[in-house]
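Which chain is which? They are A, B, C and D, in the order written, and residues in each are numbered from 1.
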Amino acid sequence: MSEDQSGIVARARGGDVTGVWLVGARGSVATTVVAGCAAVAAGLRPGVGMVTETQVCAQAGLPPLGSLVFGGHDTVEGSLPKRAEELAGQGVLPHGLARSVHGELAAADREIRVGGPLPGERRGDGELIAAFAADIEDFTARTGAARTVVVNVASTEPVPPPGQVRLPASSLYAAAALRAGCSYVNFTPSTGIRHPELAAQAAAAGVPWAGRDGKTGQTLLRAVLAPMFAQRALAVRAWSGANLLGGGDGAALADEAAAAAKNAGKARVLHDTLATVPEGEVHIDDVPAMGEWKTAWDHVAFDGFLGTRMVLQTIWQGCDSALAAPLVLDLARLVARAHERGLSGPLDELGFYFKDPDGPTSALSEQYRHLVAFADRLGGPA
Amino acid sequence: MSEDQSGIVARARGGDVTGVWLVGARGSVATTVVAGCAAVAAGLRPGVGMVTETQVCAQAGLPPLGSLVFGGHDTVEGSLPKRAEELAGQGVLPHGLARSVHGELAAADREIRVGGPLPGERRGDGELIAAFAADIEDFTARTGAARTVVVNVASTEPVPPPGQVRLPASSLYAAAALRAGCSYVNFTPSTGIRHPELAAQAAAAGVPWAGRDGKTGQTLLRAVLAPMFAQRALAVRAWSGANLLGGGDGAALADEAAAAAKNAGKARVLHDTLATVPEGEVHIDDVPAMGEWKTAWDHVAFDGFLGTRMVLQTIWQGCDSALAAPLVLDLARLVARAHERGLSGPLDELGFYFKDPDGPTSALSEQYRHLVAFADRLGGPA
Amino acid sequence: MSEDQSGIVARARGGDVTGVWLVGARGSVATTVVAGCAAVAAGLRPGVGMVTETQVCAQAGLPPLGSLVFGGHDTVEGSLPKRAEELAGQGVLPHGLARSVHGELAAADREIRVGGPLPGERRGDGELIAAFAADIEDFTARTGAARTVVVNVASTEPVPPPGQVRLPASSLYAAAALRAGCSYVNFTPSTGIRHPELAAQAAAAGVPWAGRDGKTGQTLLRAVLAPMFAQRALAVRAWSGANLLGGGDGAALADEAAAAAKNAGKARVLHDTLATVPEGEVHIDDVPAMGEWKTAWDHVAFDGFLGTRMVLQTIWQGCDSALAAPLVLDLARLVARAHERGLSGPLDELGFYFKDPDGPTSALSEQYRHLVAFADRLGGPA
Amino acid sequence: MSEDQSGIVARARGGDVTGVWLVGARGSVATTVVAGCAAVAAGLRPGVGMVTETQVCAQAGLPPLGSLVFGGHDTVEGSLPKRAEELAGQGVLPHGLARSVHGELAAADREIRVGGPLPGERRGDGELIAAFAADIEDFTARTGAARTVVVNVASTEPVPPPGQVRLPASSLYAAAALRAGCSYVNFTPSTGIRHPELAAQAAAAGVPWAGRDGKTGQTLLRAVLAPMFAQRALAVRAWSGANLLGGGDGAALADEAAAAAKNAGKARVLHDTLATVPEGEVHIDDVPAMGEWKTAWDHVAFDGFLGTRMVLQTIWQGCDSALAAPLVLDLARLVARAHERGLSGPLDELGFYFKDPDGPTSALSEQYRHLVAFADRLGGPA
């Protein structure tokens, strides 16, 4: 599709269009989301990694991939088509894909607005929220979207220092989403909609939301392995892990406070499924040489029968953006549909996607059953 | 407990005693079963690794560990107390345990009978089955057991050569169990009760049975990881594995035909949960230097979003006997209780324990739910 | 450089041109050799992986990369520029490189001749040798090369069946090299110049040669790790390994006989440096999904002080062609220079590059010292 | 040997007796040193892990294992025979060994004196040094040892805080060794003899010394793998590592400052052999559940030809005490012999044993050659 055609197509669909507003719209995840959505919608690639493209979601009434239009906030300069070329050079996007979906990338690029707070920001929280909400509303109006879902895919922000007056950036964007009447997804470990100051506004907004911290690698594994140990009545003594990340995420998480936020999610799955917290730490290292790739090593020391000491180790080597993007598309579609169906508040049934979900954490297999039931509910009679 | 006391205790319980007849009664698994049962029953060790010692089985009416009495067949000489000392030297049993449970080991040792067919065996299949059945019946009568469950924990036997007239040894023992009116568990990949010639007898016997091939390591992992890939809609391209085993099992499986039987079970879980058979082989190496320990390496090459290539590797280092023994105790208790409750035929609900179960293979989490439901049923109203 | 220019440049150098005749000239290794030589010569990429580009070879008088011209035999159709594009799609060659060195790839492509024996071949060994030698001589004359080195980078051939009358293909090419007065390198585990029937001809040819079986991954590691165990007086009990390969090599080595040849080399390094053969096997699996990438897992069970059992595991993930190509360029330059200096016979000093070298196997560190001394000798007074 | 006999034997040898004074004499390493020396001397176990028991040291005139007598300082209570039983329970010492060498353990236990500084210590540095030196001199006199070598195997001490007036404990012991005219080995990353305030005394003492920080696992591997990358001209981009340790060392190194000292040694080998410092961190985690065992995972991201990204991972699972003890015995014998031969000052040739050696760091293979040459020198003409 050429650039112009894609724009025309989107607008022509009228009420069928669903807006996806990405906070962190020039990052690797956002770029992969936009490029991948276009590629799968056009039939250039199969929808690998997306539960919403499998049979269990076929009757859920989800917005088709081809009906999604993208925009977003970012605080850095750049262009999505160029970013996509860089990702192809790193093996994240397949050869030639960036060119095939250039139109969609350029269209999304035109819908990116400057976020904040910027260095030396003078605007107060209220002004920023209003400005962000206006950006989102403009986007929704301009694209003719029936509704827009705001998705936070920005770099993890540090836990705010004790005396900070300002709301964290992720919460400013969440507040803007609420003000604009949008549903909301927090794919990062940042605070977002969970800030106590947003509680009343969120409760009153009548929109659904989901979060927090996408479960893309090490924690995904833990969500199936920890239940295995529990079901087999094996005694986990220590669960240790190391993560090597390049890209922006590695740098952001080299910040100890940001890492602390992420690690809280990682520990939660162990606590909730093992009913105890085993010994062991998790390290997150910034290794720029890894580029967009990440490696997670886990070492589980457990006792078998009569106290015999045994060990399981796992090594997960993946590309963060490629792991995250299909989940982001799933969430955008599911939450937008929930909004359409009139659901509001935290969507506990989406724990499948998160390290630190709104509902109780549980084994991945249970979370999957909840997801399937949720899809059925979305497609059921009103 | 002294040797004499333990004998007295068992007999004094009268009708409460349950017999466990181990085929391969002098092997590492059998020795660990007997020693471990005594240790846990006496409160010397917690029941790690046994689902039947967890809350989900508390109301199932299972025979207590202290009410189990052991005997069995083997074709090799030896003594259980001495075998237990050897296992302690290898770190399989904890220091001093063999001495603490010497009485129970010696009691079980006195109940071991010579199995077969022996090298140069002249007795026909019918004679052997009759002799084995008589051994089991004598054991049941002598110990005053209300019923006996026969459990195959012998070394994996090779797939029989095409022209062999005789039944495989594992099927001879299974036939003897049926003739003696016993329930039956096949913890190995050998043929056992699944031999076509036993079908009619099994159907008519009115006893329950379960099998085949205990799921203790690599396949256990596959039973949680393969569903994870399926639920996340990730495309597994190749699943390769290598197993290093010492002990008797390593030597037995160095036989290519025996390995073939084992590998069939390993492949089944992938086929059944991924709905496709990915590329890749599984190797089983006999490495005597590993002793009772085994290491399994798995390499899973999968495609993420847009075909990005990713890899998961797992390394499982465990002690085979310590992994198997609690499952054997679980199965003996569950199947004996099923027998008591009048159940008969293959117990599909026990797929949790097997690589190649009687019912449909499925994800471990589903198998666990079936197991819990089964335990409820065992404890429910008659 | 455009296609024409590259041809002109080569010819203009006159006596300085060195021919490199690749047996298996359309394979991944050969394509990477030609593309990589051009890229490094043109300064597009640093000479990573080539010892001949480091300081230790600076005074050896080696032919510059820019003076090498390529040709070769192959039995399959195809085009080098197209093959290079495919390799770029797999991440073996960097984006855009194939285009940058299109001229050199096309030039080499024009110098590829049909090899043999072809299926249903009617020509006898003598005829084939003569034909191959003529191809090589034509190439040398046409390019004006002062000398040509023949390098076998074809797929591993199976060990010939007992009754086979014909020489193995690799030996036919080696004989052709000798007849054409060329030096020779066997980078594969195939027989090549080591066939007994070639012994007299080789001894009389007055040319140098080197082989066999390039040491690119698992065996490279073993060549540093086995000496470590020996020097630390640690007792290696078992050394087991698994290799997963896609590409042509995986398929070739799925042939058991071909794998046997490769494994002999792998075992040799352990035997020669540990002075004993530990337990353990090496498996080579064909996993087409791996494409050009390979993964090698090694598991070393060793005894420490007082018999304490310890384990080292290594996982090597590399791209076979990218590992092999710089070594092939090193060898071509070193052997061509040795030829120029009048050396003849097996070059024992090149054991650094081979699993199964002509001289005694030894630790990599010693082999490196021999290589450095050899480079000094090549650059020394005549 | 009974307790009394062992004492008699030692004294009867007169001038042949060599004293080994262990700082940290009740730790796991010291216990393993004493038990292992006795076991190997008595022929109960082979001398696995000791270079001094191999052919290359046969002519070096080293003191026989049977001529070593042990004593030392520690600040904790306990008994070596009891400590040895605990280590056997963890699988560090073989079953039954503690009983076989009870006499030697008890004899060494009687030679352990209270070290310092103790909590709330009132003695000044000078007083402590004098007291420690007196303990060592008494030991030497009482055992009739010709000379004594002091070996630091205590837990790693934190880097001293900026304003600390007192010498670090390890330096107090080193000063005592110098005052008592003893040779000295620092097997830990603590400061020891390298403290600037000891420089003049050390230079004047006329005794040899060696250190620092025994190379037992991850760094041993790095000392062979980093040279491999360098020799093959492969570009290491990032070298990351994680260490899981139980035992006392894990707890000591959980202290960030102590870990910093250890990591400096680990980084040095990369810097010195790669001529560059790659990206990547090393983490040391205290995991009490690991007991005496440690696991080190290393991840090396490197570029091959044309920048192709490749990865090597290693997993080292060992028992720290069993890795350290044979090196401690090697060092005690080599340094005592050097003292006997009149050598003094830092023994640069012993870099084979240390992460942070006195001489230049280099590849393990070179260090081994230096060690062999040193052994020859020790055995050569005076």
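Brief remarks follow.
The definition used in the following text is that a contact is a pair of C-beta atoms (placed from the backbone, for glycine too) under 8 Å apart; a residue touches a chain by one contact, two chains touch by 3 or more.
Chain identities (UniProt): A, B, C, D = Myo-inositol-1-phosphate synthase.
Since this is a predicted model, take the numbers as computed values, not measurements.
Each step here moves to a touching chain, and the least such steps from subunit A to subunit C number 1.
Following the contact convention of this document, B, C is the list of chains adjacent to both subunit A and subunit D.
The interface formed by A-D recurs in B-C: of the pairs listed in B-C, A-C or B-D, only this one shares over half of its residue-numbered contact pairs with it.
Subunit D has its Cα centroid 47 Å from the Cα centroid of subunit B. Subunit A and subunit B have Cα centroids separated by 44 Å. In subunit C, the residues that touch at least two other chains are 91, 311, 313, 315, 317. The touching residues of subunit B, when paired with subunit A in their complex, are 32, 35-36, 39, 45-51, 53-54, 91-94, 97, 220-221, 224-225, 227-228, 231-235, 303-319, 322-323, 325-326, 352, 363-366, 368.
Chain contact summary for the complex, subunit D toward subunit B: residues 88-89, 91, 95, 315.
Of all residues in subunit A, only 237-238, 240, 242, 244, 278-281, 283, 285, 287-290, 295, 297, 299, 301, 311, 313, 315, 317 touch subunit D in the complex they form.
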